[in-house]
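Here come two complexes built around chain A, the first alongside chain B, the second alongside chain C.
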Partner chain A sequence: MSLSHPDLWSVVNKQFKYKWMSYKSVFQGLMIAQIIAMVFSLFGVASSSMGFGFIDLNIQYITGDFVFFFTCLWAFFISVALDRNENRLADQIFVTNSWSRHLANVVFIVIANMIGTITVVTASFFVKMIHIWIFGIDGFIFFGEYTLPGMLIFFIITFFYLILFSSLGYLIGSIMRQGKLIKFGVVLFVGGPLIFTDNSYLIPLFQFFGDESSVIWFILKILLTSMLAIGLTTLVSRRLEVQ
Partner chain B sequence: MSIVSCQHLDKKYKKQYALKDLTIELEENRIIGLIGRNGAGKTTLLKTLAGQIVPTGGEVKVFGENPFNNLKLSANTIYVDDQMQFSLEMRIHEILVAAEMFYENWNRELADRLIYYFGVDRYDFHDQLSKGMASTFNAILGLASRCPLTIFDEPTTGMDYSVRQDFYRALLKDYIAHPRTIIVSSHLLNELESILEEIVLIKNGKCILHESIEDFKEYAIGLSGDKNVIQSIVDHDVIIHEKELSESQVYIAVDNHLSEKDITGLKQQGVQMTSVEAADLSMFLTNDTRGGIDDVFKSS
Partner chain C sequence: MFDLMALLPILLFLILVIIVVSIVSKGTYSPNNFFIRRRNVILTGYIAVLSLVSIVYFITVHTQAVVENNEIGNLDEVITDFEEAYQHHNLDHESVKVMNEWTFSSDLEEISIEDPFSAYQLHVENTDQVSDIKVTQFMMNVDHPIINLIPNANVSFQEMSGHILIEEPRSHVEIKVIYEEFPIRQIKDISMFHRDHLVGKRGEESYRQHILIQVPEDVEVNEVSY
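On to the complex of A and B.
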C-alpha cells in the first residue's frame, strides 16, 4: 500500500474544517455572552443628570461597551479551552501533528473572532434599537455620527482586541496544562490579583494598547504580542503527550 | 521491508517501566497479534508506534521515521481502541465525513455498509453509543480508513461474541483485498488465532517472542505422566508451564527442542505427548502469576 505524503497546509485546512464542525458550542457561547451583555446594556452604560433651574436634564449613554467587554471575555475563555486535552484527543484520532494543530487553532481563532467582531458591531446597534422599542422616543436622541471610515476603524479595533485576548488566553491555557501545580500557580498568581486587588498594575498594559492613536501601530503592537504569545504556546506544549 | 523498528525501547512512568529494553522489527503487509497480560506494556508500545507517546530511551522508527509529532506517520496510521474520544459535538455521520476528509484511502462504501450491518445510528453522538456499539464504530473507522499501518488496541472490548466474530471476519476479508500492516492487541489469543500471520508476545515491557503463527503452533509440546520420570529427563530450563494432575502425575509444557533420545525415553516410560494449543501456550508464556490458581487453595 503506497504511503501518502500530506503537506502541512492541506492538513491545516482539513483540521480547521474539522474544528468548525466540532466546536459548535463556541458560537453558542458567543450568543449567550452577547445576549447577557445586551440585557445589561439596555439599562445604560453610564448616565448623568443635570439641573438647570426648573429643567432637569438626564443623559443616558447607550453603547455596545458591555457587548464588547463580554465578547473579549468570550474570546479569552474559548482560547484557554481550545487546546485542552479532550480536543487534542479528538484531533489525534485523525491526521495531525503539533504544528498543524496550533495553526488550525489559530485559523479557527481568527475566523471565530471575525464572527465575534461582526456580532459586536451589529449588537451595539441592536441595543440602541431595542432601547427605542422598549422605552420609546420620549426624549431627544442624539446619535453619534457613523461614517464609513469610522465604522471600519471600529471593526478593526474590535477585531484586534479580540485577537489579543484570544492569544493571551491560548498561552495561559497551554501553561496551565503543564501540570496541576502550574495550573494552581496560574490561578493563584494571575486570577488572585485580578479579583483581590485594584488592578492598578494593569494600567500601563492597557495604556500600551489603548492610548495608541495610530491604527497601524495599534495593529502592529497587537500582532507582535499575539505572535509572541502563540510562539510561546507552541514552545511550551512542544513535548506534550496526549493522555 | 521493515515498517516498524524498535531498538532497546524504554518508557518509564515515574518509577515504573512500562517498556523495558524492547526490541522488535515488524515487516510490511502482515496481520500481527500483540499478546500480553494487562499491564504488560501493549498499549504503551502501540501508542509509541502511533506517535502519541515519547519513549524515555532507545529508538523507534515507523516508516523509517521517528513517529512522534510526525505528519506523514499520522496520515498513514490509525490507532483504534475503546478510549477514542471524539468531539462531544459531532454526530456519527459527521465523524464519518471528517474521516473521509482526512484519510486518503478511506472507503465510504465499506464504512456505510458496516454501519448499516451493525446497526449503528448515524444520528447518535459517539458518547451516546453503548460500550459495545462504540467499540464497533471505532473498529469500523479503523477498517474503512485503510491506513498502511492500522493499529487495533483491544478492539473488541464490550462487543458481544457474534459481533467479535463478524469483526475479525471483516478484518480478514478487507486485509486480503487490501493488504496492509495490521497490529491487533489482545490479552487472549483464542479468537484472534485464525486471522493472524505473526504473533508477538510481550511481558513486563519486553518482547519475549516473535514468531509466525505456524512456528508458534509447533513451539511447544505437552508432556503428561509420572512426575519423577519427566523431571529426570527434561531439563528444567525448557519448562514453560507445569501443572500437577495428582500426587505423582504432572502436566508439563516444554520447548519443542527435545532430542530424539529424550523423546524415545519419555515414550518408553509411558509419558503422553500432546501438542499445545496456541492459545494455551500464549497464556503460559505471558503468565505472570506464581504457580497455579489451585496452589492458592492448597492447605499448607
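On to the complex of A and C.
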C-alpha cells in the first residue's frame, strides 16, 4: 500500500517538465524548417502578371507564407513522433497512465506551438527585412498595415493552425503505431493520394478552415477538430496502455 | 557604417546557415555535443535575432505609404467626379491628377493627331483659353504607389506637317509587393492573387490615362486616328 496519492496535475506537470527538457531537439527542427523556408522566400513567395493600359506589371509577392506553411509541417511531424514507442517507454519512469501522458503531450504541443507562433511571426518580418536590405526600400509596395489588432490576429490564427496540424499529426501518429500493417495502410491511403492525385478532395477541408473569416468561428472549428483528434488518439492508444 | 549595414543581412544569414549546417552535420544526439548543451541558448538567440530584425523592420517601414484595400476599393464617388470633370475639361478639379503637360507653338490653321496605338483616351477641345497647342496627360486622382510607375506619354509635334504624334510608351515594370501573411489575409477575406486588392476594384478605370489636346478656336483638328 502506498501512502502517496499523486494527483493527475502534478503527474502531468512532472511529465511535461521531463518532455520539455528531453525533447528540445524539436526546436532544432523548427529552426531548420524555418531557415529553409526563409531561403526559399528570398526568391519571392509567388508572382503574377497583369497589364492595364500600356503597363505590363510583373508582381513578386514577399510574405512569410513559406515560413508559416513550413512551420505547420513542423508542427505536424513533431506531433506524429511525440508519442512514439521510445518516448512512451521513457514515460514509464513516472507514475503515469494514458490520460496523464496524453495531457502532458498536449501541454508540450501547446507550449511548443506558442514558440513556433512567435518564430513564424518574427521570421515573416525577417524575410521582408532581408528583401529590403538587399533591394532597397524604394522598390517595394507595402500592402496592408500591421496594426496591433492585426498582429494579435496573426498570432492567434497562426497558433491555432499549428494546434490543428499538431492534433492531426498526433492522431495519425497514434494510428500508425497500432501495427506495421496499419502504418503501411496510413502511408498508402493518406500519403499515396496526396502524391498521386490532384487533391481536389481536400478542397472542402481547406475551405472549411481556410475560408473562415470570423476569428471566433475559426477558433471554435479548430478547437472542436483538435479535441476530436486528441479524443480519438486517446481511444486509439488505449489498447497500448499496459506495458 | 553604411558598408556594415549593407553587409548585415549577409552576415545574419551566414550565422543562421552556420547554425543549421553545424546542427545537421554533427551528431546531435550526443549529450556532449555543443548544440545539445547549448540548445537553450541557440533557441533564445534565434528568437532574439528574429525579434530584433522585426523591430528594425517596423522602424524602417513605418514612414512608408501603405496600400489598404478599403482605401483603394471605395472609388465610386471619385470616379463620378472625375468623369464629370474631364467631360467639362476641368483639369483643376481635385479628382484629376495631371501627369504631364506639353505646349507647342504653331501658326498652322490645321493640325492632325495620330495615336496609332490607341493607348490613351483622347479629348480634343477648341478653346479661346489657349494661344498655343496644349497637350495634357491626366488621370484620376487616386493615391496609390502604382501611379509612380506610370510612364509619361511620348508626345511630339511636327511643325511642318502639323502632326501631333502620341506614341505608346509601353513599359514592363517589375514590382515587389510586401504582402500580409496567409493568417491575416484569411481573416480579411482577401486573396493574394486577386488583382482588385492590389490595384483597386476598378483598377484599369482608375489608372486609365487621358490626353486632352487644347487648340486655339481658329485651328481645325481635321483628323484623329485611333
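By our rule, the second predicted complex is superposed on the first by the 222 of 243 C-alpha atoms of A that agree within 3 Å, B and C clash if a C-alpha of one lies under 4 Å from a C-alpha of the other, contacts with A are read in each partner's own complex, and residues count from 1 in each chain.
Following the convention adopted for this analysis, contacts are C-beta pairs under 8 Å (C-beta built on N, C-alpha and C of every residue); 3 or more make two chains touch, one makes a residue touch a chain.
Note that this is a predicted model, so its numbers are computed, not measured.
**Student:** Would chain B and chain C fit next to each other on chain A once aligned, or clash?
**Tutor:** fit
**Student:** How many degrees, to the nearest 10, separate the directions from chain A's C-alpha centre towards those of chain B and chain C?
**Tutor:** 160
**Student:** According to the stated criteria, A:25 is in contact with first (chain B), second (chain C), both, or neither; which is it?
**Tutor:** Both partners, chain B and chain C.
**Student:** Let me test your reading of the model: by the given contact rule, A:56 touches which partner, first (chain B), second (chain C), both or neither?
**Tutor:** So A:56 only meets chain C here.
**Student:** Mind working out whether A:158 is in touch with chain B, chain C, both or neither, as first, second, both or neither?
**Tutor:** Only chain C; A:158 stays clear of chain B.
**Student:** For chain A, which side has the bigger count of touched residues, chain B or chain C?
**Tutor:** Higher number of touched chain A residues: C.
**Student:** Tell me which partner A:126 touches in the superposition: chain B (first), chain C (second), both or neither.
**Tutor:** So A:126 only meets chain C here.
**Student:** Under the stated touch criterion, which partner chain does A:65 make contact with: chain B (first), chain C (second), both, or neither?
**Tutor:** Only chain C; A:65 stays clear of chain B.
**Student:** I'd like to know which partner A:228 touches here: chain B for first, chain C for second, both or neither.
**Tutor:** neither
**Student:** If we overlay the two complexes on their shared chain A, which of chain B and chain C does A:190 touch? Say first, second, both or neither.
**Tutor:** The answer is neither, since A:190 touches no partner chain.
**Student:** Can you report the least C-alpha distance between chain B and chain C in the superposed arrangement, rounded to whole Å?
**Tutor:** 5
**Student:** Going by the contact definition given at the top, which residues of chain A touch chain B in one complex and chain C in the other?
**Tutor:** Comparing the two interfaces on chain A, one with chain B and one with chain C, the shared residues are 24-25.
**Student:** Can you tell me which positions in chain A touch chain B when the two form their complex?
**Tutor:** Residues of chain A touching chain B: 1-6, 8, 11, 14, 17-18, 21-25, 86-87, 89-90, 92-100, 239, 241-242.
**Student:** Please give the residue numbers of chain B that touch chain A in the complex, ascending.
**Tutor:** Contact set of chain B toward chain A: 29, 51-54, 63, 69-72, 74-76, 78, 84-90, 94, 97-99, 101-105, 141, 146, 148, 178-180.
**Student:** Applying the document's contact rule, which stretches of chain C touch chain A when the two form their complex?
**Tutor:** Against chain A, the touching part of chain C is residues 5-6, 8-9, 12-13, 16-17, 19-20, 23-24, 28-29, 35-36, 39-40, 42-43, 46-47, 49-51, 53-54, 56-58, 60-61, 64-69, 117, 119, 145-146, 149-151, 168-184, 186-189, 192-193, 195, 197-199, 203-204, 207-209.
**Student:** Quick one: in the complex, what on chain A touches chain C?
**Tutor:** Residue positions touching the partner: 24-25, 27-28, 31-32, 35, 38, 44-46, 48, 50, 52-65, 68-69, 115, 118-119, 121-126, 128-135, 137, 139-146, 150, 153-154, 157-158, 161, 210-213, 215, 218.
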